[in-house]
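Structure, as structure tokens:
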Amino acid sequence: MIVPPPARNFYPMKTPRLFFAFAVATLVALTGCNRGEPSRTGASGPANAPTVALVVKTLNNPFFIEMQKGAQEAAQKAGVSLIVQAADREVDVERQMQIIENLIERKVGALCITPSGSREIVPVIVKANKAGIPVLIVDTRADEKALAAAGGKTATFIGSDNYDGGKLAGAFIAQKLGGRGHVAVLEGIPGHETGDSRLRGFREAIAQAPGLKIVASQPANWERDQGFNVFQNILQAHPEVNALFACNDLMALGATEAIAAAGKSGRIVVVGFDAQPEAREAIKKGTMAATVAQFAGRMGAIAVENAAKLLRGETIEAFTPVPIELVK
Amino acid sequence: MDAPPDLQANRGSRREKAGGEVPPGSSSLVTSAASGTTRGGAPRGTAFLAHYARQFGTLAGLVGLSVVLWILTPHFLTVSNLLNVAQQTSINAVIAVGLTFVIISGGIDLSVGSLVAFAGVVLATLLQRGVPVPIALLAGLLTGFGCGVVNGLLITMGRLPPFIATLGMMSVARGGALLFTDGRPVSGFGPGFRWLATGEVLFVPVPILVMVAVYAMAHFVLRRTRFGRYVFAIGGNPEAALLSGVPVRFHQTMVYGLSGFLSAMAAMLLTARLNSAQPIAGINYELDAIAATVIGGTSLMGGQGSVMGTLIGALIMGVLRNGLNLLNVSSFIQQLVIGAVIIVAVLIDMALKQRRR
Amino acid sequence: MTPTAAKPVLSLRGIRKVFPGVVALDGVDLDLHAGEVHVLLGENGAGKSTLMKVISGAITLDAGEIRIDGQPVRIASPRHAQSLGIGIIYQELNLVPHLTAGENIFLGREPGLGAGVIDQRALVRAAQQQLDDLGVAIDARTTVERLSVAQQQMVEVAKALSLEARVLIMDEPTSALTQQEIAELFATIGRLKARGVAVVYISHRMEELFAVGDRVTVLRDGRHVGTRMIRETTMDELVRLMVGRALSEKFPKQRVPAGAEVLRVERLERHGLLHDISFSLRRSEVVGLAGLMGSGRTELARALFGADRIDGGRIFVHGRERRIDSPRSAIDLGLGFLTEDRKSQGLVLVQSVQENLTLPSVGRFSRLGFMRRRDEAQAAAKRIAELRIKTPGPHQRVMHLSGGNQQKVVLGKWLTTEAEIFIFDEPTRGIDVGAKVEIYQLMNQLVARGAAVLMISSELPEILGMSDRILVMRAGRIAGEFNAADATPEKILAAALGRN
């Protein structure tokens, strides 16, 4: 027997006022707390200074928090005000696009973007072009071909060469294992320029050592918990694995937990990417062997400095490499 | 029919003529009732008000929010920003229409986000291979519809709870999309297709037109057609609907088909907007769509709701996100605010209903 | 026993409760004495349930005074009422179906061994004690969903008594019980009386009041219109008090000569439920279908209406064999089914009067799938006037109507489809006296116009009073057939029980 749902009535007169009151209260409270706490939301710099916006992939990844910090310091020095925004999830390109559209509406002076999707970012770059706002790409390249096809242009790319970083990691593993061993790889989300480049570089380096074999290469979508699960599964299938390259530190850190759980701590060479503080700790403890340092803070700083230059009418380089190094 | 003669004669006279009063001694059932003792038939206006009261409440919320944003930032109330918000809302809004139908019918559809990805990659792959745009669009829409119908059949014929059936489809469609594309985004379409995102008709961007058209049609279908009437009846009491001769299973199945179809339409808009289809697109979109539906006053118990409420609900979410961006509120606080709005909107709704009781 | 002499356990003075637009209770007085069964009588909407809610703490009163043992109290919540010794057993029972009888009785008050661990043994022992004291044969370890409705009711009674209830309110306790179970319930009520519990008994069934009550209070339109000793009153007087006038006839049956056969059923089978059912129904005829609960009456109605599968047999409508495989096909053949349970099967409560009236005939009010709203509104308005449905308007939600008016909406649905063969399943269950007569009159009108009616009822007086012919079912078979003229309650019961 189906029980009918309980009674439900509408009460016409009261809802509007209450809802309205609620909306007002919320917003006032919010903007209030926003003004009281400028550093939290990233609006630094003098009040009437030109505004630079930095849109990263997400703010729950230490790499981007580092980048934000660098950008904020640079903004203070350069005398520009800075807005930092990000989607909730690293892969939410559509949301990132919305944020950028809204910032275009807000008429910011320059946009520094770390694209969540290399191709998907193209339409909104074109929009910024139309609004006359210069776009600086940071860390992850936009898809050059798609950009050219859409007639869009960017002011500069500031970042490290991920391909070189991958190679660096591969060479380190080859050397550490003495040129012989079974290697596993944790990939990022497929189709991301960053991850793809790191992977290509890494494979290149491994190919040069004939004694090394990549026995498993699986995506763990940049995430720590997935790094744990996926590597645990890999260990089940390939207990012989003695080295792991994870395309970022979060996945590497997840994997170290899986290694500990399997009782193999220290017996597998784990190399990550990004050199996050926690990864550096892990290297000190010996649960990780190395990580590729990307200097996110430097990237953020250079991006803001370049944006400030553009706003002053100065010209900037089309590519500013940020050095890369292996932290052991 | 070989019905007895006077009943047939009666049939003729029982065809409804002018409504309202029944003259004494006519074919009225109870002659003593002929004076028509309906206590004060409510005027149309009141009924209309009562009917749309909840939407007015939500609308007032939207207006209030807009006024606040207008006061707080000069960038909010500009034509280009409003068009911007409407465009940003269109994808969630189109998905939420389908979900509104499903929820009114007493069900739930968790697979919409995954269907956006699946239909999107099917569409994009066809476009990439040079299939003419109309055919690719049709194929995408049919993919969504087909998956929705499968949901419906699992629920009506397989007797699975909607939650379970669509939860399964959520994972199947996601897996399908990843498998289909090898996990990589699909892009590289002709310029004709992108018109869906960049085109304008009389200065109005196409996604907004699509959204408006979908809502106008959905509203009409829900309020003015047999299909809509049956959806309400099924959601209100499936057993009574069945015993009243309503083809319950067919309509339930179609409701899920419609939801899949509209997810595919959203996929169309999303793919054009990003100029690329990602197999990982649409994650959590079902939650946004449910939120818009619920803020819009549709009851998760089924049997009651409106698409116009859902549109306003979707716009509230869009305006809120836009406004919080314009005000440069941190993304962490944004999540918190949106969650709070959902909870408070429903709390107010429930509190008011309680008081009535 | 004359309890009036003693001091009342519970006394109410000048109770007033106003809801927006309605004065639900207006100066109601009531005294309850230990060991009495006090019947609360009144039509639907007279204020019985509001009064009950005031006593049980579900709603607060606007004016008036409640005294317990002479002490004025404010009953703040149902929990507070419980602690004051007031228990209530609603028509819809409040038990957790997957828990055992014992667990239900002590729900929220489980005897513990400390650290949140339940002392299962002590719980079963105490619960069994309660059940045994009540004189009912229920094992405290049985899961509630496996108990009959009557047994579940006893679990509720036991629960109330375990809370040391001194006042026990029972709302329509017999509405879902068989004759046998009613007799057992009355026996239990007798034991409660002996224990000094004051019982407030609410029912629509007048016969019961005389069997179980000591005193009766009649409410009308939220006012107290009289309190009588049951021994000193008559049914006629109570009806007069309730409706404010004397009902001329309880069953206003009008006999019309029956016409041609409209429905014939031959050897209908449904595995395990219906066996070898054959009967016919003629124009202008009311055939009563009697039988005990579970004898297959509702199953027969559902099978005829295409709601359940048929495993064998033939159905002829107007002389032609027809396949009825869905409610839709039954409706298209001119059948209408007024289900036993209006709320769960007959109506879409959240929808409007109009939408319910036209639901089965939506096809007729639409063209190419689009609703023709004017035609629909006209048809609905006509039904509302014709059936005297008391509603503020066609757009009122059905859930806000009284039981009698809801039943009229269900009937209106089938008038709108122009049905000619009506199946009424318990047409007057839960409907007050005045509305009952109205339903009977409507049935007369239908029959006068040539409709055929198959009326399932558990109330023998109704079967005897309204039928032209009576079929009795037992264990899924037709166990007897009587003409109205020679039918007696004894004969029907004998057939229903299988004692020929």
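Worth a mention:
We call the chains A, B and C, going by the order they appear; numbering starts again at 1 in every chain.
Criterion: contacts are C-beta pairs under 8 Å (C-beta built on N, C-alpha and C of every residue); 3 or more make two chains touch, one makes a residue touch a chain.
Model, not experiment: these values are computed from the prediction.
Ranked by distance of CA centroids from chain B, the top chain is C. The innermost chain, defined by the distance from its C-alpha mean to the mean of all protein C-alpha atoms, is B. Distance between chain A and chain B, defined via averaged C-alpha coordinates, is recorded as 34 Å. Annotation: 39 Å between the Cα-based centres of chain B and chain C.
In whole angstrom, the spacing between the mean C-alpha positions of chain A and chain C is 66. Residue positions of chain B touching 2 or more other chains, listed in rising order: 50, 236-237, 239, 303-304, 356. Touching two or more other chains at once are residues 344-345, 348-350 of chain C.
Within chain A, the positions touching two or more other chains are listed as 1-2, 4-5, 7-9.
In the complex of the two chains, the chain B residues touching chain C come out as 1-4, 6-7, 10-11, 14, 16-22, 27-30, 33-34, 36-42, 46-47, 50-51, 224-230, 232-233, 236-237, 239-247, 303-304, 356.
Looking at the complex, you find that chain A touches chain B at residues 1-2, 4-12, 14-24, 26-28, 30-31, 33-34, 40-43, 58-59, 83, 85-89, 91-94, 97-99, 101-103, 105-107, 117, 119-120, 122-123, 143, 146, 150, 189-191, 219.
Interface residues of chain B facing chain A in the complex, by the touch rule stated above, are 49-50, 53-54, 56-61, 63-65, 68-69, 72-73, 75, 78, 80-81, 84, 87-88, 91, 182-185, 187-188, 194, 197-198, 236-239, 270, 273-276, 278, 280-281, 283-284, 299, 301-304, 321-335, 337, 340-341, 344-345, 348-349, 352-353, 355-357. Against chain B, in their complex, chain C makes its touches with residues 20, 259-260, 262, 283, 305, 307, 318-320, 326-328, 330-332, 334, 337, 339, 344-351, 355, 359-360, 362-363, 366, 369-371, 373, 375, 377-382, 384-396, 413, 415, 418, 420, 438, 441-442, 445-446, 449-450.
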